[in-house]
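Below, each structure is written out as structure tokens.
Two complexes come next, and they have one chain in common, chain A, joined by chain B in the first and chain C in the second.
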Partner chain A sequence: MMSVGILFGMLFGIHWESLSFHLLGIAMLLESEAVESFTPLTFDYNTQVVVVGTSLLGFAGGAIGVLLLLRKRALIGDAIAHATLPGLALAFFVATALQIDGKSLWVLLPGAAITGLIGAMTVVAIRTFSPIKEDAAMGIVLSVFFGAGIAMMRIIQQMPDGYAAGLEGFIFGKTASMRFQDAWLIAVSGATIIGLLVLFRRQVELMCFDESLARTQGWPVTLVDIGLMAATTTIVIVGLQAVGMILIIAMLVIPAAAARFWTWRLWPTIATSSFIGCIGAASGAIISTMAPRVPSGAAIVIVLVILFSFSALFGRKNGTVWRWARRYQQRRETDQQHLLRSIYEWLELKGSKPHDFGQTRSESFLLNDLEFVRNWSPLRLARTANRFQRDGLLLQLSQNRWALTATGIQQCVRAIRQHRLLELYFAQIANLSPEAIDRGADYSEHALNDQMLAELERDIAGASIGYAVPDSLHPIGNVQSLNHQSRNEANP
Partner chain B sequence: MQTPWITMDYWLDGWIVVIAILASVSAAILGNFLVLRRLSLLSDAISHSILPGLAAAYLLTANRYSWTALIGAIAVGLITVWLTELIGQYGRVDEGASTGIVFTGLFALGLIMIVQAADRVDLDPNCVLFGDIELSPLDSIVTSIGVIPRSAIVLTVCLLLNTLFVVLLFRLLRIATFDPQLATSLGVSPRVLHYALATLVAITSVCSFEAVGNVLVVTMFIVPPTIAFLLVNRLPMMILASVGVAALAAVVGHLSAVAVPLMFGYKSTSTAAMISVVSGIFLALAILFNVKTGVMVQAFRRNQLAWSILRQDILALLFRDSERGQAARSLRDITTTLLSQSWITAMALRGLVWRGYVTRVNDQTSSQASSSSNSTVGYTLSNDGRRHAQNLVRSHRLWEQYLATTGTQLDRIHAQAETLEHFTNPALRQQLDSETQQPQSDPHGKAIPPEEK
Partner chain C sequence: MAISIRAMTVAYQRKPVLWEVNLDIPTGKLVGLVGPNGAGKSTLLKAILGMVPTIGGSVSIFGLDYQDVRSRVAYVPQRSSVDWDFPATVRDVVTMGTYGSAGWFWPLTKRERNRAHEAMEQVGILDLANRPINQLSGGQQQRAFLARALAQQADLFLMDEPFAAVDAATERAIVDCLRRLQELGKTTLVVHHDLHTVPEYFDYLVLLNVRTVAVGPMAETFTDENLQRTYGGRLTILDEVSEAIRRREAARP
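Right after this comes the complex of A and B.
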């Protein structure tokens, strides 16, 4: 129930593009009462901690993800995440050698952060000091660091207290091991990142959209870039427990990419992305606590992918459904104009072309005959004609016999004038061949507005034409339909 | 420290090495085209996203090797490429981001499927990441030529398939890799080849899945071809080199998986992981020391050039001294005149003395010009050194004369000639000489010395 509500909230909230709405929604979600009343199930204290912690993580990850996406660095997060594994293992080795508890997060996470940053710097170093391209550099760092980590993990498993080290939990994520102070850790790092983002918003904005301008204005772009890498590493490190190193990249990439379907402005995108990340992480964590065998990272990613697919389908910017609707609408309008033109052409061929003054109804015609001038399926013809009848442009006299009404005649003459004026334009100005003239006019006539039409009348046709319809520059109808026609006449 | 003593079971370790080589080489052959076409992350994406296809096949047939697994993996691999294109196109995000969305989503799906089916299929989620090459020889079948591990047979077929693809379509692949526009105009759609490559990457990932898992296979796809890319220039040589590097990394990887942990008193570690580490080390060496672009090699060359220029500057300085009738110069004098540092000048002088171009003289009277110096050791040109120095100064003054005839301002010609003199050979001097009508002196009025053989 709740999730449906949230999805609708997203749809409308983002339609208004109001920042305050998102913040309100997130604040409501984060209040403990709201979490408690989230589902009819009552959550214990530990689950509440996990849900609040992961949703904060999703929030911060969504925000940073947008910047990474705009800097086209999305997958650097993946390289950093995989590079944390040797750090975890090394930290465990060192702690055990120093007789400290090697499973403490205060030991493991700094180790992970160090190798994570080394991984990020290695990508930059490889790109700078060798001819190797960035994609290969990322793949190399990702797999080689991970390999080193795996090799060390195998050795840790042989150590006396290594089996219970629980380092595997960091690979796929294990929210069950999350404690209160871990949620605090995420909250503090997330708040710091968001705070810095707000503080340096102008630099960030400039850097994302016009790096060279930022440089010429004297902003320390490299420093801000390093800050972005540090923020990414922080998100990855604190997210290791909840999501795991393999899938943490999804928290950075998916919300940001989903937000692109709702808005193209920077700060609304960041707000939307944070919101999606927050919802996805929280619901994933809840699913994983309810179904303990599902790794929490996988659950979060699946929810995020569902939210992404929803955005890709229904997003106001370039969403598939809207795009299809627009295309359908466009095709319908094109069909209508083409049919009107065909009716005129057919009536003209028969020597009874309609006049848009004084005539209340055109000569009647058979719908089948229109196939001669426009090679459509009978179904498409009938569908378009029926639509015209509803709009009062056509009149059905009998089963197959139709006529234009007065309004229909006006629209019909307008359509044919538009087409033929364009043909004239193409013939006189662009010097196209007759076939190309018809095709060109066919494509572009639908984009004409009244002003352009008036210009065409003035410049191309001149005073000589008056309000009359120019003659066609090419024979009307096609050979195939002509055969069809004669066959029909042979066997009535 | 206890001495590492490697004990090997020749049947087991032999097959592990064979399987590792087969997996590495099949991946490396395709990897060349991935690296050159900047599609490296395609291997990462596909090796992750085949998981749901594999999991579905496991669930259907409860068998690790089946046609279903192959078909499932190919289907999901192609879907990955298609969805990545789609999201990139309509979501207006770059390829990296759309790849990230698709492969994480599919991998998560596969993970959940595997966890749910853990009762029925013995597939450990951790194993997915780094494989289990140590156990793969145990799953073997009896054939007419002996007992052969199943994954060795599967990987051999995979290797043959990849080799055939590359050999038969070599010309097409080369054109499509280096000149996609030309390929399109020749009627070969790079998109079709892209999908074909994706299919083979999916097949290779599936075949080596059990041995090396889905993260470490990325190393095998990318690292050996990248090393080869650094070492050689031409595509056929690059493919051969990548195959060699891949096989070497597999062998060294297995040996170090057995030997390195022994040094610290543990048992062996994962072979696949160590292959990855060893490849990484090979790559680091290649980045630092390859002949073309190696970081250290370039630093060494720059250094060499700097030293030789300094030595030539010293020779020219001493020659000009002798023109003015000054016999020798002290170390400090040379250092301050050339704006150098004394230890660097001393090193350069030692090089010159060793080559026999410069001789040390203990003559206080001849170093009167350097009265500020209290050193009694001076340096002067030997006969060999004089010939070299004379040609250098000749180059310098010929260049000045030439630059003056081209209309360069007189206050600029010295600096330019100072640079050019180091890169001028006898033939070029000859040409300069004839271009400037065999002048006797340079624009500053100094005599141009004759050529010394």
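Right after this comes the complex of A and C.
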């Protein structure tokens, strides 16, 4: 089965404009010879067809799910799914009365489709013709139809000869009860939907992003929309057996939601979502085939949720772990700049400011003293200082006494220059108050790049400053505890 | 005439939004569409494009029915009309402008890609081409929309508040772009809010407040009297009529 995954994985490397041909090719491959060429474990031919069929369903569900999510219509699939139950039961009654095989999909699925669509249309009708909003309408339709279905199922269960055996598979999903023809039906439906989506990719894209543009370009938006709903209904109906009506919504929503963590473009999102849906559906089907007592719907959802959690944590575009890592990195860099600046400010206060003209080691200072210019906990001070020592910026002379190395002096002067140039900029150009200046500079200096720095030097400092460090515009350190009149006098 | 509207009326739930609007816009003009809130400016654009149902009246564009000149008209909707969290890059969005002429199924050709490229260049967002649209500022979003319309290579542009809440650089880029379109002989109709810049940006003016108050070249139309008539006295009779209708409906058992 992994080879299916590898095949779909190859999709990520291809050029997206030619996606259509690859997708079609793979779909055709799966339909024709591929079934024989996969000989995994000890699955018989029937099982293989079931697994391939279910994966194609997952593939199509993942793709359609992205579109539903983008159109904010995802839950309509859930309404359709729940509304299929009375249809299944009714179809079973009718078939039994006519003495046809009541468990044939050709009898059950049309019944499911009819009430499913009636359910969806009821939601739309309630929303359009009454002041009730869509979510409430969905809640009403979903529960009423499902309740009616459950009542009918009870009646079927009480019919003689255990007729109902197998029908409950539609509620929770049971791939083990799937027959060869059922799997083919699923596979063909899935492949058809994927084919149509590839064919009408631009129309669908336009409709999902900006309907007004699609209309002004003359595309039949309403028809495309109906097509999307038809595809949703088809996936829900043919997926009933594999996933079950309660959980089929997971096939539409979870892969699509997970895919958003990996990419910021539409077709890669759809491909990723399809891939996730495919893996989820295939593994669920395999699990359920090997352990027939595990409902396949549950197995599929569990696999999907694992894939979703992985995406949410490690997704390249928005994954939590990367975001944390980025934030941690940023904080660390900010801390380092702050400490460097504090060291400079402290030494400046003491009248021995470091300079990078041949000075190889700055005056020493006590780490505790830095608390005066930067209000950090001793632990945070020590941690940052230790990191500096590792990087060769600081030198620990004794227990608490430190000094800047030559590299340290360089970086220190650079950090303070950036800060003070920005302060000058805010004072001269943006006309901020002195209190706001320090904060403004503090906030923006970490985003400065070399080019912006060069512009600052040219615009603000000009030739008058050269490479020197400008004086601070405000008193340094904790003014309440110590008085620094000299600084205040310089800047009335 | 680029646009010619006769006796067009549009109503939302019995409240008239546009009332017997008559309007002629000559080809090649840069037109400002100005009026107070609720004057029906956006609705007028949508009605021209057949996107809202009209109760009566007719629209002709370049002397023809809109359906027959569709490809010669580009529409720039309000920025807020789409979800900017949509997974797409700036290039993707701009390329969408070329879909109308790209046919149903076949992959896009170099021609479409070049058109998107040129459009981005013209509004100065080429360096943003590969940036996801959810990372754009408001002004950048607006420029992306403008580029999308340019990529359509239309002859008539309808823009709904392109200057709303954009930065100075974007405003300048849009104005430059509008001027260039006029030099190429294109017609542009722009919904605009800022009365200070109206005479500077446009050379033709439509003052709208449910009805067309005045239409004509800027110098003749942008007068205190016309502005007073547009913004000052509301069309009180219409207001009263719709209020009366509302009250009567509410009084029904």
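One rule holds for everything that comes next: the second predicted complex is superposed on the first by the 405 of 492 C-alpha atoms of A that agree within 3 Å, B and C clash if a C-alpha of one lies under 4 Å from a C-alpha of the other, contacts with A are read in each partner's own complex, and residues count from 1 in each chain.
Here, contacts are C-beta pairs under 8 Å (C-beta built on N, C-alpha and C of every residue); 3 or more make two chains touch, one makes a residue touch a chain.
Quantities reported herein were computed from a predicted structural model and do not represent experimental measurements.
A.B. asks: Clash or fit: chain B against chain C, after overlaying the two structures on chain A?
C.D. replies: Fit - chain B and chain C, as placed by superposing on chain A, sit side by side.
A.B. asks: So, A:Glu205: does it touch chain B (first), chain C (second), both, or neither?
C.D. replies: Second partner only, chain C.
A.B. asks: Who does A:Val188 touch here: chain B (first), chain C (second), both, or neither?
C.D. replies: A:Val188 sits against neither chain B nor chain C.
A.B. asks: Which of the two partners, first being chain B and second being chain C, lies in contact with A:Ala250: first, second, both, or neither?
C.D. replies: A:Ala250 sits against chain B, while chain C stays out of touch.
A.B. asks: Which chain, chain B or chain C, is in touch with more residues of chain A?
C.D. replies: B
A.B. asks: Touching A:Leu397 in the superposition: chain B (first), chain C (second), both, neither?
C.D. replies: neither
A.B. asks: Is A:Ala136 touching the first partner chain B, the second partner chain C, both, or neither of them?
C.D. replies: first
A.B. asks: Does the superposition put A:Val294 against chain B (first), chain C (second), both, or neither?
C.D. replies: A:Val294: touches chain B, not chain C.
A.B. asks: A:Leu266 contacts which: chain B (first), chain C (second), both, neither?
C.D. replies: second
A.B. asks: Of the two partner chains, chain B (first) and chain C (second), which one does A:Asn318 touch, if any: first, second, both, or neither?
C.D. replies: first
A.B. asks: Least CA distance chain B-chain C after superposition, rounded to whole Å?
C.D. replies: 7
A.B. asks: What part of chain A is shared between its chain B contacts and its chain C contacts?
C.D. replies: Chain A residues touching both partners: 260.
A.B. asks: Which positions of chain A touch chain B when the two form their complex?
C.D. replies: 69, 72-75, 78, 82, 126, 129-133, 135-136, 138-140, 142-152, 154-155, 158-159, 168, 171-172, 246-247, 249-250, 252-254, 256-257, 260-261, 293-295, 297-299, 301-302, 304-305, 308, 312, 318, 320, 323
A.B. asks: Of all residues in chain C, which touch chain A in the complex?
C.D. replies: Those residues of chain C that touch chain A are 49, 51, 67, 70-71, 73-75, 77, 81-83, 86-89, 92-93, 96-97, 99-100, 102, 104-105, 107-108, 132, 134, 148, 152.
A.B. asks: Across the complex, what residues on chain A touch chain C?
C.D. replies: 17-18, 20, 70, 199-200, 202-203, 205-206, 208-210, 212-213, 215-218, 260, 263-266, 268-269
A.B. asks: Which residues of chain B touch chain A in the complex?
C.D. replies: So the residues of chain B touching chain A come out as 35, 38-41, 43-44, 48, 87, 90-94, 96-101, 104-105, 107-109, 111-112, 115-116, 118, 125-126, 129-130, 215-216, 218-219, 221-223, 226, 229-230, 257, 261, 264, 266-267, 269-270, 272-277, 279-280, 283, 287, 293, 295.
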